[in-house]
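In the two complexes below, chain A is the common chain; its partner is chain B in one and chain C in the other.
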Partner chain A sequence: MSNFSLSSRSVKDVAVITPRGYINDIGAVRLEQESGQYLDNGLKKLVVDFSDVQFINTIGLSIFLSIVQNTQDHGSQLCFTNMKKDHLEIFEIAGLIGHVKVFKDENAAFTYLNGRTPDGKKTASQTTAV
Partner chain B sequence: MLTSSLSEEAFFGRQDELSSLYKRALRAEQGASRSVVLAGPRGIGKTEILRHLFGRLFWTQERVFPFLFTFNPALLSVAAFSKAYLSAFLCQRLAFEKREQALLYRDGISIDALSGLIEEREVAWAREILFQFLQCSRDPVEALRIALAAPHRSMLSTKIPVAVLIDDFHLVGRLHMDGVPDHRLSHLFEEPLGHGKTPHMITGNMAELQEMLVTSGLERFPVRPLGLEGTSSLAQYVMKRCETEGNVPPLLLRRLDGNPFYLERVLARAGEKNHPVEQDFWNAYLREITDGALSLYWKKVFKSFFPDLGLRRVALETIHKINHASEDLPVQRIVKSFARSDSQAQDIVHNLYLAGFINGEFGAFRKVEDAVLRDLIDCLYQREILEKAAREVERDILESIIARREQAVRFELVLPMAREAELVAAQSLEQIGKNLNLSQETVGQMQIAVIEACINALEHSGGMGDQVYVSIAVDEDQLEVSVESAGREFIMQETGEPFRDQEAVKASGRGWGIKLIKRFVDQVTFEKTARGTKIVLIKKLERPAGIQKEDIVNRE
Partner chain C sequence: MAKKLHLKRLLFSIAALADLGQEATSTKDLSEKMKAALYIITGMFSVPTAALFVHNRQRGMLDLIVEKGYREINREGIHLSVQAEHIKSFRMNDPHAAGEFPKIVFFKQNSVIFTKLQTKIFLPFFAKGELIGAISLGRKLGGAPYRQGEKNVLKVIAQQMAITLSNAQLFRELARKAAENRRLYRNMQRIYNDTIQAFAAAIDAKDGYTKDHSYRVASYAVAIAKELGWKKKDVEGIYVAGLLHDIGKIIIATKVIKKGEKLSAVELSEIQRHPRISYDILSKIKFPWKNIDNLVRHHHERVDGKGYPDALRSGELSEGVKILALADAFDAMTTDRPYRDKMSIDEAFREVMKCCGTQFDDKITKVFFGLIRRELDGEVCDRQILHHLECNEASPVAVSGFAYQQMDGSGNT
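After this line comes the complex of A and B, so read on.
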């Protein structure tokens, strides 16, 4: 049984990817592939939900660079949500935080990206960046 | 002495503090700077920070004039103090005009010589202040007022603000007139302390400063123990200076707790040996607390507060009792224990508190957090009161330190060189944390560090062994995890460059591991062992909340 799993869904023009467990090299590569597929299919908005991520190691972190780079190459937007404080610090150490938008939860990310929550309700168009 | 005894290269772990105070000084230009007290225990580096700040302000900018003054215990009569203060101010101010180093060292300059300098340079405002000061030779209080107001008056005349840096400020309470201390004299500092264009940055014995009304409203600027980087840099510097190298035992580093004075003394003594090993470091520590510089320093403090030998003995017994009590001791218990009157006991504990040997408030007292000081007191007690031989004392002290360590709860894991084996260590930590009621934050951060350490060990064993040994120890105030494996040294270089070029940063990504570890733990050391290499990670556990008399408020 693996310590990592991944699910994703798309909500209109936003892809939400939810990794779970331990993001090491294998997990990060799967994330990279999953996000790559969405980007190649033309989606310009990606949200990665960290609420079920337990650990990230620096090998996985280095592969996140590819995800960020790929997103930028596609002219797309990348948002992270539900990050624990320690995970945020890990990404800060890598200097990645400046290249993504970080939000408290999916609603906030959707508000930023679309002006609407994932269930389609309008919200005030404010970002609540962490 | 105005300049630091430490060169820039030897001044470790204080750049943040220095930068913050430097900016505070420069804000005096807008009149927006407030006076502040640098707060911290003895030996933590407050004086060095002030001296380095003076150097930086004096040599690298022109917007604010720095004035550094250290109270001299031999010059506490109002008349002598006023003269010394004003002379020092005027000399340093004149030196600042053209950055004349020689003028900075004119301690004890006569009034005539000073007057001559002022006339020669035609500094009208200085002439006027000096004239008024001399007019008040029969009114020492007024003379003091004039001296203390000199920075503000110079600012008004020259439009250049002044950062007034004062060391050993606690001695202000001992200013006297004709041998009679007069606490009201310290109130004359109130007005100078309040000017936004002449902020005062003061330091001294914290216990005494806290009892002074004149400093009670001032912001506190905490000077904390050196962190991981500062400690490590200082240790390397001292070893290099001694032209040797060696691994400082983590338990000893923890005991020295980032105090630069303690670190420098103990490591310098250990460094006298060629390639000191663990026992040599411990021997150096024991030497320092029995008859080395550390011991001499604290004995001097002790004698200054308890000049009478008989009383000193009672004081020593009192500290020992407080240090070994399981709870705070009220004064009444001390009165009973030593058959002293209430007032005698009050005096003794009050002086012990002011000297920094004990902590306490509201009539109850407890041991200080400074483990080195507690060891030193134990040594002194055993030598002076129990009359034990030096060797026996040293052995007992060391055994008690090791025994406390051995009271730690320990868990040992042996991980195979298998994929994701590091998760076993991380999950074990989680369960240990739950069992021992550790904070989730502490455990979470240690888990991140341990994962990296295990990956490092697994990657760099170089095929020389097939196991990684993880040891987890928890005692009353720290969580310690060591990760040991066969093979060459861990990769210790750091990169952590911000993301720019993908390929370059990917290649450097592995260097983040050590950076991450250092971010999430309080202390990390690397050791060569019989098995190979070991990394030791330490996180301090939060102390129980209690009333802290030193109310550390704010720092920029």
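After this line comes the complex of A and C, so read on.
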């Protein structure tokens, strides 16, 4: 039984996708489809929040690989936030880390993408890449 | 530091191979398995685009069954032509890099598709020397070349994929053969049933008076057996026994069977041979149902031991025999015979009640009457007994209050 769920929202021109649970099953392809829909609808900025991701295996990596490739094909920007050490390590081994911007949290990602936090407050212009 | 990363990569590859093994042995259907396998492989090597093919021997093609990362690709239109000489040019379970493609005929002949798929690695997989399928891997994210270590891991993957696909093909073939066997069995069963029906018709045709007698006896017996909760297979058995119970009459002289007067002792003895003859005929046939020969042999036995041919008593008679005996006698009572007119339904019921405990078994009689009572009361949609009785009647079957009371279980049955 797949222990995976997903929610997403768009904040102005940024789509925030929040996967939850285990990304280790083909059922998690929904994540790829969800991001693809935002990109196909013209959104150029994508944030994936890893706060509730418990585990990623090679199937999960492949799904993120598709998201990275798709984002590049659309000329869009992709940010990962709230990644744990395990997540970072697996992305690093797979060589994916060089293709995305990784931030400590959503605010930092929004600041990088828009110069504003999700609630619209202006912030300092520097990014907080991890 | 580099050593640590190398170790991590090794562990990562081992974990990925374990994932692949888990998917291969999962209970998912083949296309789901293959999709998961392709995701694992592309995840392992950071390849955004890949395609998986299965060898179609009949058509001499590698058919695309799963792909990943291609936008607007028509899976139906992607086939790689693969001839016997092409297969010989493959290294078994060993990746072929794009640099080799111009030197190998197979890649040259299928170059349009390989260009479309942006193939950088082509991995054919074999099981027991047979080409099973292949994977095309595209360019790695960032364009890095495939390292030798990665090519070695691909060899392991090829072996695993070959076994998975080969097993799936074997299972599919087994399932196909099982379905074919089921179809043949159903056909055989139909022929078998038709033959039995034809025999039953031949038996009944010997005497115009007994037209459809075997069919009605079989139907009554089935109705009683079902009421008793018999298993489907046993119900089928008693149906066949009902159809064939009088097969021995084929040997008996027609003039004896059709005689309109009281039979002489010799004639009676002659006609009483028929259950034994039925047994002799049917015992040579290996039926898929149990005890058909014994059921027909004993259908004229009585629970008081005064029946024939073996004068067995109640305890020696099977439930099936008791059912058949009642069904046979009841139909004989309710149809015209050369030597007497048929009884009215009421008379027949009374006769059965009178003979309960001597000719007929108590329990079977009660079940039989219980069934008829429920049919009379409209409690059952399928009137299995009354339907046959009504076929010979000008008006719907009606029974007297007395008979009804007996059937209700409050009488002296």
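The working rule: the second predicted complex is superposed on the first by the 125 of 130 C-alpha atoms of A that agree within 3 Å, B and C clash if a C-alpha of one lies under 4 Å from a C-alpha of the other, contacts with A are read in each partner's own complex, and residues count from 1 in each chain.
Please note the rule applied: contacts are C-beta pairs under 8 Å (C-beta built on N, C-alpha and C of every residue); 3 or more make two chains touch, one makes a residue touch a chain.
Small disclaimer: the values here were computed from a predicted structure and weren't measured.
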item	value
Joint occupancy of chain A by chain B and chain C, clash or fit	clash
Touched partner set for A:D86, first chain B, second chain C, both or neither	first
First (chain B), second (chain C), both or neither touched by A:V68	both
Chain B versus chain C as contact partner of A:N107, first or second or both or neither	neither
Which superposed partner A:L96 touches (first chain B, second chain C, both, neither)	both
Which superposed partner A:Y22 touches (first chain B, second chain C, both, neither)	first
Contacts of A:I59 with chain B and chain C, given as first, second, both or neither	both
Touching partner for A:S76 - first (chain B), second (chain C), both, neither	neither
Contacts of A:S5 with chain B and chain C, given as first, second, both or neither	neither
Of the stretches 130-138, 328-336, 346-354 or 454-462 belonging to chain B, the one that collides with chain C	454-462
Contact residues of chain A, present in both the chain B and the chain C interface	24, 57-59, 61-62, 65-66, 68-69, 89-90, 93-96, 98-99
Contacting residues of chain B [partner chain A, same complex]	420, 422-423, 426, 444-445, 447-448, 451-452, 455, 496-499, 502, 505-506, 509-510, 512-513, 515-516, 519-520
Contacting residues of chain A [partner chain B, same complex]	3, 22, 24, 55, 57-59, 61-62, 65-66, 68-69, 84, 86, 89-90, 93-96, 98-99
List of chain C residues in touch with chain A within their complex	5, 8-9, 12, 15-16, 19, 32, 35-36, 39-44, 46-49, 68-69, 71, 140-142, 144
Parts of chain A lying in touch with chain C, wherever the complex brings them together	24-26, 29, 57-63, 65-66, 68-69, 73, 89-90, 93-96, 98-99
